[in-house]
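Below you'll find the structures, each written out as structure tokens.
Two complexes are shown next, each including subunit A; its partner changes from subunit B in the first to subunit C in the second.
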Partner chain A sequence: MRRLFRLELRRLLQSPLTWLAAAVTLVLPLAGYSLFPLLSWTTMTTIYLANPISLGTLGGTLAFAALTLYELSRVRRFRMEALTDSAVSTLALTVLRVLSIIACSLLTAVLGFALYGPYTVWKLDLVFSLGDYALCWFLVLFPALAFGGIAAAVCDFIFQRADVSFLAVTVFLLACKVGNLWAENPWWQWSLIKFPAMSDDFGNTLLFRIGAYSRLIWLCLFGGLFLLAMLCLRRYGKRLCGSFLLGLRRLWPCALAAVCLLCGGGLLWRNQPFLDHTPADWMSVEEVDYTSEVLHITSTVITADASDTLLGNVSGSAVYQIENWSGETQRLYFEMNPGYTIYSVKVNGQPAEAMDHGKDYIAGRYWSCELPADRENTVELAYGGMPQIWNVNGGAFYDTVVSRRYVDLNTKSIAPKPQAEILSEDTPYSLEITLPAGMTPVSEGTAEAVSTTDRGRVWSIQDTGRSALSVYAADFVKADLEGGGIPIEFYFSEKHREQLESLNAVSSMEAAVAYCTEHYGPRTFEQGKPFKILQLTEFQFGGFASGNISATMEESFTVENLQDKEKGASGAEVLAHEIIHQWWGLGVMLTDLEDPYWTSEGLTTYSTYRLMEERYGEDYARTHYLEPWEAAVEDSRNNFYVRHPEYLDRLPERYRGDIQSTIQGVNQYSGTALMIKRAEDLVGGREAMDEILSRLYREGGTELGPAYVTLNDFLNACGLTKEAVGRV
Partner chain B sequence: MTSPQKRGILSLQKNKERMLMMQIEIDHVNMTYPNGRRALEDVSLTMDSPSLVGLLGPNGAGKSTLMKLLVAGLLPTGGEIRVDGTPLLQCERNLKARLGYLPQTFGLYDELTVWQFLDYMSALKGIQNSREAIASVLRATNLEERRKVKIRTLSGGQRQRVGVAQALLGTPQLLIFDEPTVGLDPEERIHFRNLFSQAAQDRIVLLSTHIIEDVQSVCSRLIVINEGRILFTGTPSRLIQMAQGHVGVFEETGNAAGEFQITARVNTARGVSCRAVAKVLPSFAQPVEPNLEDAYLYLIHMGPQEAL
Partner chain C sequence: MYKKIFRYELRRLLWNRVFLGLLLILLAYGWLTLIGEILLGVANTAPFSPWSFGSYCGKLLPVICAGELFFLTFFTGTRECRVLADASPVDPGRYAAVRLGAVLAGTLLLSVCGAALALGFYGAVFGWMGFASLAAPGLLVLVPAVVFCLGLGWMLGRINGALLYAAIAGILLVSQLPMPAAVDFTLGTFFGTFPKTLGTMDPAFTVPPSILWGRVGYTVAGGIPILFLWRRRTK
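So, the complex of A and B:
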């Protein structure tokens, strides 16, 4: 058998078609860089690794399916069945042929790994991760090629026609893609695993864990289908049914193994541990508020272990002091990540029963226990499990994870969160958490390393006035930003330390903080606590602000973003632009239901210009901001498709999308910034505009609520019309 | 040489002989195709090595079906085939390791050279010393000069020779040739007849044909099959003997009538000389010594019951 395998492999390697399939797989990634990027997020790893690999994977799947069909139909095409069948079992030869094709797909992946390696290392530079790179080739691409071959073989065994089989594989691939979109379920995708984006700085562990699990599901399913289809191989002159029935009788262990594999795949699918079970119509689910008004938390002490970087499990114990003011027994509810289980509950030292309410809602689930009528109660919980993520969009938000490079545990994932009032703002909260060594945690409280164990480093996080907090941990470096009169801590990945130092970014960011604080108002919601700005993983998909923490996405730190002239004249100025987003974007959001160009980008760009004008003078600001804006807007106006939009509709969707995206970018950044500049002239100058903006920042808008400022809100604040500022 | 050494050598020889010996039993085999066509009916026979068995029968008689059953290309719908006493399905792998088969219609990988193709086939057959084996069959089939030629450029006869060569690879103990001389010129046919005869010295060679000449001179045993039934099994002389007194010649005239089957017409100076077979020769026919072709045609036309 080994000799036959070697023979088949050698023969395949001498066949030009094998090399054609490999070439298709290895050339398509080139188109993934810019021609056909499948993912729109702009981290470096998404652009230079995820996009090329995605396209190569999809193309390679079909190429290797076609190669398999060509090879399997070869015996029929040359009418060689009688000769080969007299020398060796058809079944054995066919299986060996499929295995040889799988070996060729592995060789293709190895070749791709070697060929694209140097370029990827060069482009990703600081953020290159050998592990992620290898997993992309050997967990994403290689299994897809192998599955393409197996799917084709299954169809060929059944239909015995290459054309029909290729059609069936293509339909199956598309049907699963549609299934993925329809059911928002990542397990449908057997070719390309769920790939929303890739993180540059914080690893992609959850993506690869889900990917590996998906591969395991499909390995079982394809293995089962392959074994079943093997029984359909025509032998002894019999047709499909005859061969299958004979196969069942003679190869019943195969049939049994097939059933076991199919059932195993189904069970893995059904019992996947990564996504929660939030209902698809979650927006219409009426949330029940379990917060008790008669139960008051007087102290929280959590001990958690988040050092299991292999499986990403979290375990821990929590001790809550709860005052019951009702004088009656009460039910105390906890909200907790649905991946966790409460192992034991003790109330006042006595074992109590924990009830699982079983309904998942946005990565949370309620548990409860009975609290006696005693005024002072101590509730002790032991809990643990693998944190699950919200299943929305097929689980694209890979934001709750414990991995070697990143720990992201939100309030429900640190420990069960009691649904009770906090007694006072001084109510102590204490968390002792073991994190992988080399990580620095950032949370709403104050963190301090207390000891080192063989599992990692133990951190003590203290805070007051809360029943839960979030912990983000990575190779964070802290920079203290002076500016605006409030302490600001800026945490970013160690990878960017040199880059930010060379850009003198801290000084630029400090200037941005000082400028915005002075002109618009301070940026904090919790008095007396430092304001923390974090660089966080791309999988958060947009920044957020919560308490004294504000997160900015890692794509702000990519080389391409730092060179984005629309945002700033230099990398340092781009970072200042990103910091200004803390005010315009996270402080208040600029949006308009009618004007797609009115976003936070325009006002942030304008504020960056004003900052640079203040720092470097009017000439600098005019040369590097106003003039480039005017040139960009002028170019956009002169664009053929802007002048003749009727021709835009005649373009293929892809090109139309590219052109529209460029036009939109110019209008959102330069166009809107110029409009605000015109408004500034009309309202009486810089100071008048600063006053208007400061009021909008502090009070928000009226049209959509205080959290949003619409174009009308802005114009009303300025006392201007759209016509006056040229926005028609 | 000491006696233990002698005993050892004798024992080895006996083992080798046992390994080379082969017996195939076909036991009341029936074969009906899924479309309902009955190809074989209650066929029973035994073949032992060494022997060169000629399988004769008209087109559609069931020869190819019988051969496909013997190479496990088909499964009988009734009865059993045993190889060395073991049911065929239980020793399929073992049989294939000892089998050389040339089907009636077959294709070759056109993109390969003759050598590459034989190399591929020898790998499929698990032949260890493939270079020597390929060289040997190329010599035997006169293909040495064509060994580097792509198969797609070969003539029909040359392709047939490649087919024979692949069957001979690895000196298999059971050789089954279904119409092997189709497309070969007379010289090649004689060459192959001799080759089969030589091969049959230590193994079973089953030769299916409807060309009597191919089996007349070389086969030690003949099996005549028609409409799925075995009409005769025995030596060629025994078949000829059956036709003794049933073959005659006569001049063709307008009033020559009776229950006979004309097997040949030859133009002579006196007119057309007819050769015929009949259960009872007509009075105007002059009895002649039958040849194998006469005997075969006598059997086919008269049927086994009538012929006896």
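So, the complex of A and C:
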């Protein structure tokens, strides 16, 4: 058999069609760079690794399916069955052919790994990760090619027609990738695993864990199907059913193995540990508020271990001091990540029963236990498990994770969160958490390293007035930003240390903080605590502000973003732009239901211009901001579709959207910034505009509520009309 | 007899999987270029303006030229029975011309298919049919480059067939490099920037002398080796 395999492999490697399939697989990634990117996120790893690999994987699956069908139908096509059957068993030959094609797909992956390596290393530079790169080729691409071959073989065994089989594989692939039924479900993705984006700085562990699990499911399913389909190989001139029954009699161990594999795959699918079971119509689910008004938390002490970077499990114990003001027994509810289990509960030292309420909702599930009528109660819990993520959009938000490069545990994933009131703002909260070595945690409280164990480093995080907190840990470097009169801590990945130092970015960011604080007002956050700005993983899909933490996405730090001239003239100025978003975008949101160009980008761009004017003078600001804005707006105004909207109407909707977003981009940044500059001239200059913006920042708008500022809010504050500022 | 040889060579060139594969790649690439870039209009002109069409042809040019050089490998491979062909009673010069003609015809077919895709797209999406105005930019881009590659490929192929693959890589590389507008192989810079310097919206198609000379240069550079080699073979 080994000799036959070597012979078959050698024959395949001498066939031009094998090389054609390999070439298609290896050329398609080139189109993924810019011509046909499948993902819209803009981290460097998404652009230079995820997009090319995605396209190569999808194309390669079909190419290897076609190759398999061509090779399997050769004997049939040339009516040589009689000859080959006399030399070697059909079954053995078929299995060897498929194995040889799998070997060829592995060789293709190795070739691609070597060919694209230097370019990827060059482009990704400081964010290149050999592990992620290798996994992309050998966990994403290679199994897809192999599965393409196996799927084609299964179809060919059943239909005995290459054309019908290829059509079946193509339809199966498309059905799993397109449409609402299966496309959002990561377990249906047998070819290209669910690939929402890739992180540059914080690893992609969860993405690859889910990918590996999905590969295991499909290995079982395809293995089972392959064995089952082998029974359909035509024998003694019999047709499908006859051959199958005959095969069943002779190859019953094969059938048994097939059933075992299929059942195994099904069980793995059903009991997947990564996604929660939030109902699909989660928006219509009425949330029950279990918070008790008669139970008050007087202290929280958590000990958690988040150092298991292999599986990402978390375990820990929690001790809550709870006052029961009702004088009656009460039910105390906890909200916890649905991947966790409460192993034991003790109330006042006595074992108690923990009840699992069993309904998942947005990566949370309620548990409860009974509290006695005593006023002072001590509740001790032991819990643990693998944190699950929200299943919406196929669990695209790969943010709750414990990995070697990143730990992200939200309030429900650190420990069970008691649904009770906090007694006072001084109620102590203490968390002792073991994290993988080399990580620095950031949370709402104050973190301090206390010891080092063989599992990692133990950190003590203290805070007051809360029943839960979030912990983000990575190779964070802290920069203290001064200038706003408030302590601001900026945490970013160690990978960007040199880059930010060479850009002198901290000075630019401090200038941005000082400028915005002085001109618009201090950034609102929890008083008495430092304001923390974090660079976080792309899988959060947008920044957020919560308490004294504000997150900015890692794509702000990519080389391409730092070279975006619409945001700033240099990398440091782009980062200042991103910091100004803390005021415009996260402090107050700029949006307008009628004007798609009125977003936080315009005012942030204008503020960046004003800051640079203050720092470097009018000439610099005119050359690097006003003139490029005017040129961009002029160019946009001259756009063919702006001048001839009748042609835009003729386009199919998807093309129209592309063109409108191109025009929209210019108008959101340069167009709106220029409009605000015109308004500045009309209201009497810079100081008058600063006063208006400061009022809008502090008080917010009126049209959509104080959290939002619409274009009308802005114009009303300026006492101007759309016509006056040229916004018609 | 030469007509027969031409038909035979052409059929050998076109009636195989390589040509079909190249054609499919060209059409797929053309389609992605049309919907990804050309649809937006080049230099603020219409997607169906001569400028946009010229830019589209320039984008397809590397694939067309790579195809042309690949066709030439058919006549320089080790399987070529040169001894038999040389022993046959045909004039080597004319035989070479017939083969070059077949390569040119294959390349022409690729170019026509690429152009037809764009014209079909213009007709189907915009209902625009003024195709005559697109001939000039199409010819300006394609003819000099195709002649250049034919001459270069023919010359390299006579030295060593493997050099043709190096030429394919070279053409693909040169197409991506930023070059001065006059010697830009694909004329991408010219189509992308020149209309904006003319000071009017939707300017008529004009070509400055520097660009014209550049294209003449490419044509001559490709034509000389062909003439030279043909004459030598004839002697």
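List of remarks:
The criterion applied here is as follows: the second predicted complex is superposed on the first by the 707 of 728 C-alpha atoms of A that agree within 3 Å, B and C clash if a C-alpha of one lies under 4 Å from a C-alpha of the other, contacts with A are read in each partner's own complex, and residues count from 1 in each chain.
By definition in this document, contacts are C-beta pairs under 8 Å (C-beta built on N, C-alpha and C of every residue); 3 or more make two chains touch, one makes a residue touch a chain.
Just so we're clear, the structure is a prediction, and the values are computed from it rather than from any experiment.
In the superposition on chain A, A:R11 makes contact with subunit B only, while subunit C stays out of contact range. By the touch criterion defined above, A:Y655 lies against subunit C but remains apart from subunit B after alignment on the C-alpha atoms of chain A. Residue contacts after overlaying the shared chain place A:Y641 against subunit C, while subunit B stays out of touching range. Using the contact criterion defined above for the overlaid structures, shared-chain residue A:A87 touches subunit B, although it does not reach subunit C. Of the two partner chains, subunit B is the only one touched by A:K238; subunit C is not. In the superposition on chain A, contact of A:F36 is made with subunit C only, not with subunit B. Contacts of A:R2 after superposition on the shared chain: neither subunit B nor subunit C is touched. When subunit A is checked against subunit B and against subunit C, the one touching more of its residues turns out to be B.
Of all residues in subunit A, those touching subunit B in their complex are 3-4, 7, 11, 74, 78-80, 82-89, 93, 236-239, 242, 246, 250. On the side of subunit C, the complex with subunit A involves touching residues 17, 21, 29, 32-33, 35-36, 39-41, 44-47, 125-127, 201-202. Interface residues of subunit A, counted against subunit C in their complex, comprise 20, 31, 35-36, 635, 638-641, 643-644, 647, 650-652, 655, 658-659, 662.
Residue ranges on subunit B touching subunit A, taken from their complex, read 33-34, 68, 71-75, 89, 92-93, 96, 99-101, 103, 105-110, 120-121, 123-126, 163, 166.
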